[in-house]
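First subunit A sits with subunit B, and in the next complex the same chain sits with subunit C.
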Partner chain A sequence: MKIDVSSPAAPAPVRRSFLRDNPSVLWFMGLLGLFTLGVTVLSEGMGVGVISTSLVKVLGMTLCLCLIAVAMDVVWGYCGILSLGHFAFFGLGGYAIGMWLMYARTEIVIRDNLGRGTIPPTEAEVSEAVAAQIFGVVGSSELPLIWSFAGSLPFQLAMVVLVPGLLALVFGWLAFRSRVTGVYLSILTQAMTLALSLYLFQNDTGLRGNNGLSGLQNIPGSLHLPQSVISVWFFWASAFALGAGYLLFAWVVSGKFGSVIKAIRDNEARVRFLGYNVEGYKLFVFTLTGIISGIAGALYYPQAGIINPAEIAPIASIYLAVWVAIGGRGRLYGAVIGAALVSLLSSWLTGGGAPNIDLGFYRIVWTDWWLVLLGLGFVLVTLFFPKGIGGLFDYLVRKS
Partner chain B sequence: MATLLEVSGVSVTFDGFRAINNLSIAMAEPELRAVIGPNGAGKTTFMDIVTGKTRPDEGRVLWTERQIDLLKLSESQIATAGIGRKFQKPTVFEDQSVRDNLAMALANKRGPLSVLMWKASAADRARIQDLAEEVGLAARLDHRAGHLSHGQKQWLEIGMLLAQDPRLLLVDEPAAGMTPAEREHTTALLTRAARSRAVMVIEHDMEFIRRLDCRVTVLHEGSVLAEGSLDHVTQDQQVIDVYLGR
Partner chain C sequence: MTRLPRTALFLACLILPLLLMLRPAPLAAQDASPLQDVLQTVQEQVASPSRAQVGTVLDALQAADAPGTPDFLTRWAAREVYERPEDGLFFYAAEGAGRDLTLIDIDTGAEAGTTTTRDVNQIRVNAGVRREIEAALVSFELLAPDPARRSAALASIARSPEPDQIPALEAALAVETDAAIATRMARLLDLLNARFASDSATRVAAIDGLSGDISTEARRALNQILSTRSEFATEIPEGTNVARIRVVGEDIDLIAAYERLSDAGLAQDRPGRNAIRDALRANVVDGEVAGIPVHRLHTDEMRREAYRALEEAGTVAPLVTTADMEAAVAQQVFFDAYLEPDSAVTDAARAALDSTRATISAWQFLGITLDALSLASIFFLAAIGLAITFGVMRVINMAHGEFIMMGAYTGYVVQTLIPDYTVSLVVALPLAFAVTFAAGVAMERLVIRHLYTRPLETLLATFGISIALQQLAKNIFGTQARPLTAPDWLAGAIRFNDIVSISTLRVGIFVMAILFLLLLLFILNRTRLGLEVRAVTQNPGMAASMGINPDRINMLTFGLGSGIAGVAGVAIGMYAQVTSEMGAQYIVQSFMTVVVGGVGSVFGTLAGAGLIGALQKGIEWFNPANTLAAQTYMVLFIILFIQFRPKGIVALKGRAAGD
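The block that comes next holds the complex of A and B.
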């Protein structure tokens, strides 16, 4: 790395306003707004129909992945905690909203069916029938305790925030308090993720084991609306969440709080001697990013339509770290670029969108070779562009 | 002059090796004190104990007239209780500007929420300006700390110490690697700081110590070998044998 000692850094005297000091935030918001408008106008549901409903969903899901990547960048790129567990929070958010989606939709269908008879069904009958319908696949007909309030949207929405938040809080408290850092902390977060996914794979945990929750694309109360319209709604919600999350994190990492967490990343012992409670800061950042990850997941899975324990598998959280590394750690737009680029490329190559290449003696089948490509890209970026793709912007800014 | 810090009968063992051996040292307020001694004498370890980085096997460390037991506090609690420390190797946050480094050290509230809401007040800005002038970095406030020279990093760290407004400053080898002119500036800084506070300086350079013109404690093998004026300790036969004579 070349450091130019003589050239003065850009002067940034008195702190004026947050947005003026962080022009990249305005740029990001503008581009996100344009993108949202563009997709809407071209969509099947609301516009001219150039972009298919399934592509709108893929794009909406990509925005959710960008949001969790931004959270990952704050916890890793800024605070130095290489968490390999944030997809667990993402998955939990998805399960929390999935429970309501599945319960409420099944309830509507059952009431419809039972209501055709002469005597109106009792509440107990409805609840029993719903349970039998949802849990038949795992050989049960009883509603597990954790589904007690699954019919209540406000309750499940609260769970979207509370479950990932509490898990992050408790796990973080235990881990940071014993001053586990570096690789050991990464392994610990990975173990948490693995344990959670193995637990969810079991049939008797009340979340339908490896079947997961499905039919999540059908929104209770809007069952009559076509998916083409619903997909645009979720796209909007995802864009809004990404915008709001980006703004929140950009504000958090600017100013003195950002200073302190970057300092913790670079030398946490020194920060302690400045009088800061390092563990408290780590816990704050870990929990806040965990909650935002949960919200991202709650928006992602209704677009995916299905969630199962495989989504929480440790590999997902590792991908997340790879996205952020490729996009560029320590700059929020880098995380967005990394997540969008790699996840879209991945679905293009593995979804059969990309033509396989016939070399005569060998056929490159992208579904097989994609991971090799990704691994290679990761190694190349780490070795030659430690600042990631986002680092390219530094050259642009310096030139102008 | 009231006793500010009282360390008594402290011992530390690392894997069977006694780095600090029944050590007792007291500091008054205000006071400037130099600590000298051969490499491995336990000078840095002594600072580790006072700042909570290393827990002693035995002994007491009492702080202020209220006799607070420092051994029960964490590093960050000790720092907020009024003890600032400069490390042997200059450790400033190189990725951040001089201004941000100083702002972090300012004696403001340190909880995550207060820090999140913090905005530099006019008083904060004036204080940062004063500190930067004091340590000679006023022209460099908006430069990255990583771009400073070695000596300037040392001063920035001293500035960060002063920003914390501590009652006791522990300064580990501040003049190491400095040019003679830089050393002179550093001496002036420390003597000024010691007018209103307790300042303890570890140093090897005898010329530097002489300019500090203060009481000197000689450490050897983890305990105090001699204490007194520089002339007094340099004439001590034991000190000559283990330290100066080599």
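The block that comes next holds the complex of A and C.
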């Protein structure tokens, strides 16, 4: 795939098959497959044990971040909507699945405990005990209304898609309908994220306030399996989701639909004058990416083990934009590179993995200086390499 | 005089330190004869006090009003006064080793030699005399010539009111000359009478005197009179002062009502769900309960069935059905009764409290309004710099919050160098402006200048700067919050009454916000720079052809906006705490203020700040415990608001709108 950002008026290519038109998709799938195979073979749970379980989890989480970065790239790099709210959808997906994980696991534990008595527990007793166990930290023992179906996996899986999707649909409809564009839209999406995180921070909204949901790494029904095996499963799931998402988005942005949304990015008014329903296109892209973000979140948080409202804070969504910008907007693999590189580098440097550098007169401690470096590096990328790291591939392609 | 309890002594101890501070100037002290001389005129009565004679001593002391009298009275009552038999003089004493005593002169407090307990007589005051002395102490202070001492005595009575203080207060009120103190005394007397007076008429009169009084102490006294306890009986006993009757099922839950009966032993205990389960558990025989296999007991119906079977066999207490409960409860009346038996008094108190309700709401509304104004001025301060850079230049500056932080840290550093808070504030304000102005200009020159055609990327680049600056501040100043102390003249609070008060600092911030507004309006509308800024904003190309250098104007505008953020940072730092993240807390709100208000307008920002501040406080009023909820709803409101007025409250029209 070669999308030239600077010249939207590229000559229309002859109609060929989708994959032949987008060789980068094949490349990406191949690399992703190899990577997945490699990690599996080297993992602790399924292979020789070179890669520790925690590293498998980090890699799996990184794949989820790559997926949301691809979604962000579509909405921003292709459609020109700088959304600072996609991490809200990510978090909502995580909360939706987290509710089932937490409820179902607590229920198993409670049934086990109560079942030891001579008389089997009634349903009411079980759900009361579960509620007391989950909501004890926020001083409540009643199950909030939104947890009514938390015990049902299909329902909560539907919520993973429906909640972010509906929020994106309603918010997008409101915002696009009144033609809020550009930086205003960015601020509005940021306000939405802020409102959501403030809402979740409250203890009485039924999602455990700032405690968030925890213990998500324990999968009900597989409690007997070691984390090392579960981590590989989730890694596979994340890799599959990233592959499928990449394919979906590559298909969406190619072809006529892709041309229209790129045109919207480049000159919205002109597209509208040509008779296209700009709002409809934008709403579709916004909602679709919102849903994919939710799915990414639903895969991410069981690996992270805990979700709390701080994850949804506006800054997270800005970081998402930073990843995409560093990786290179307007090319899907750029988003993957940016997200993987920055998030892995960040966890390596702030996790104390990197050696500190002694300059004699000053000691550079990476945990202190990484953010300074990232910030300044980001400014430099914005100023001098607007195409990001992905732009380097253009040079390679041109040379060959 | 009536009996005084021991608390009066405690009271005296409270008064004394105050009195020592307020002791009149030495000149006045010289006029009065020394305490020792006064005591010598009634030497016998002091040395061997009796109830019949103690009045003489107190009268003499009252008449002379020598300095140190209250102290003497306290110590006298506490048996800490000694008489030297040789010359009949009185001393205080400090105990040394063994039987040694160090005598202390009553007037000067200086040591007057050592002796042993054998050589001096400790004056033993019996309980009756002590009460007289303590009562005298209160009235002594209430009758003291110094108004400050009288006020202090009143304050201490207000802190711990006792019925025994009524006569002393009445006597003092009769001779009080100072109008303000007399008013205060009369009110205190009302407060005491309302609660403690013996006859109903006096109390009702006193309560009527308190009606319309919105002070906390008056309302507390009235609420105390109106305190109730929950009771039930087959018939309401004669003479009960009923506050309200509770209807079962409406005001009181049927189960709760029944449980109160069973707690009182008037009805049989009701086995709850847990009790049923425990009873079944105790009666498991061969995996069955009354013939029902255990594994089927997982619903409430089955459990109740098993329990009934047990009940028929007589092994467990019978189940109590709803009908049983209703029957038992129907025989009783549940009601709340006032602790105060006299209904005239409680009616008067209720009326007095009701009469204050409207006034209190009005004051509370005023308080909310002041809070909202204060919050609005903080939002305005935080957002006004942004209104210039974002509104006038259309540049999104995500590092704006970090400029606020830089200003606050400048204030902190200045304060560590200059210890005087007032001077350091005077130095810090312009310095903060200078520092952030320079930072803003540097940022504009190095980064933003290159991105004028790419506004979304400005947002990201300035965000990069923002995280770098934040981390730098963390590296330099550490993660813990730094104090930025306001000078003393800004540290207090302005109190209107017990309901409304506002801290002086908030008033200061409000004044500062207004000054900034005026300054900015002046710069934009009345100066050459302002004219050029507006020209460049509206049409840079045309402005340039008129000889204005847009680069220079952009740079200065950006510097001005950043500089104002720095000054705002000093103010916000005094109000909140200085941390590396303080800017980030304001950035989203600031953007919303600007967007809601209308981009490109100073008045718009003012309106936006006012709206957001009022909204947040208004929502908080409905749900005071939950500021988070208030913020959430506020943000939701803003999202909806922008739907209907996408250009904000004050929308620019015509070419200036720049669409």
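One rule holds for everything that comes next: the second predicted complex is superposed on the first by the 387 of 400 C-alpha atoms of A that agree within 3 Å, B and C clash if a C-alpha of one lies under 4 Å from a C-alpha of the other, contacts with A are read in each partner's own complex, and residues count from 1 in each chain.
FYI, a residue touches a chain if its C-beta (ideal position, glycine included) is under 8 Å from a C-beta of that chain, and two chains touch if they have at least 3 such contacts.
Everything numeric here is computed off the predicted structure, so don't read it as measured data.
Visitor: Have a look at where A:R363 lands relative to subunit B and subunit C in the superposition and call it first, second, both or neither.
Guide: After superposing on A, A:R363 lies clear of both subunit B and subunit C.
Visitor: Quick one: subunit B or subunit C, who's touching more of subunit A?
Guide: Here the partner covering more residues of subunit A is C.
Visitor: Is A:P121 in contact with subunit B, with subunit C, with both, or with neither (first, second, both, neither)?
Guide: second
Visitor: Once the two structures are superposed, pull the subunit A residues common to the subunit B and subunit C interfaces.
Guide: none
Visitor: Quick one: in the complex, what on subunit B touches subunit A?
Guide: Where subunit B meets subunit A, its residues are 51, 53, 74-76, 79-80, 84-85, 87, 91, 93-97, 100, 103-105, 110-112, 115-116, 118-120, 125, 142-144, 146-147, 160, 164.
Visitor: Tell me, which parts of subunit A touch subunit C in their complex?
Guide: Against subunit C, the touching part of subunit A is residues 82, 117-125, 171, 174-175, 177-180, 182-184, 186-188, 190-192, 194-195, 198-199, 201-202, 204, 314-315, 318, 321-322, 325, 368-379, 382-383, 386.
Visitor: Could you pull out which subunit C residues touch subunit A in their complex?
Guide: 273, 277, 280-281, 284, 289, 294-295, 297-300, 303, 394, 396, 398, 447, 450-451, 454-457, 459-461, 463-472, 474-475, 584, 588, 591-592, 595, 626, 628-629, 631-632, 635-636, 638-640, 642-644, 646
Visitor: For the complex, give me every residue of subunit A touching subunit B.
Guide: Answer in residue numbers: 3-5, 8-15, 252, 255-257, 259-260, 262-263, 266-267, 269-270, 272-278, 280-281, 284.
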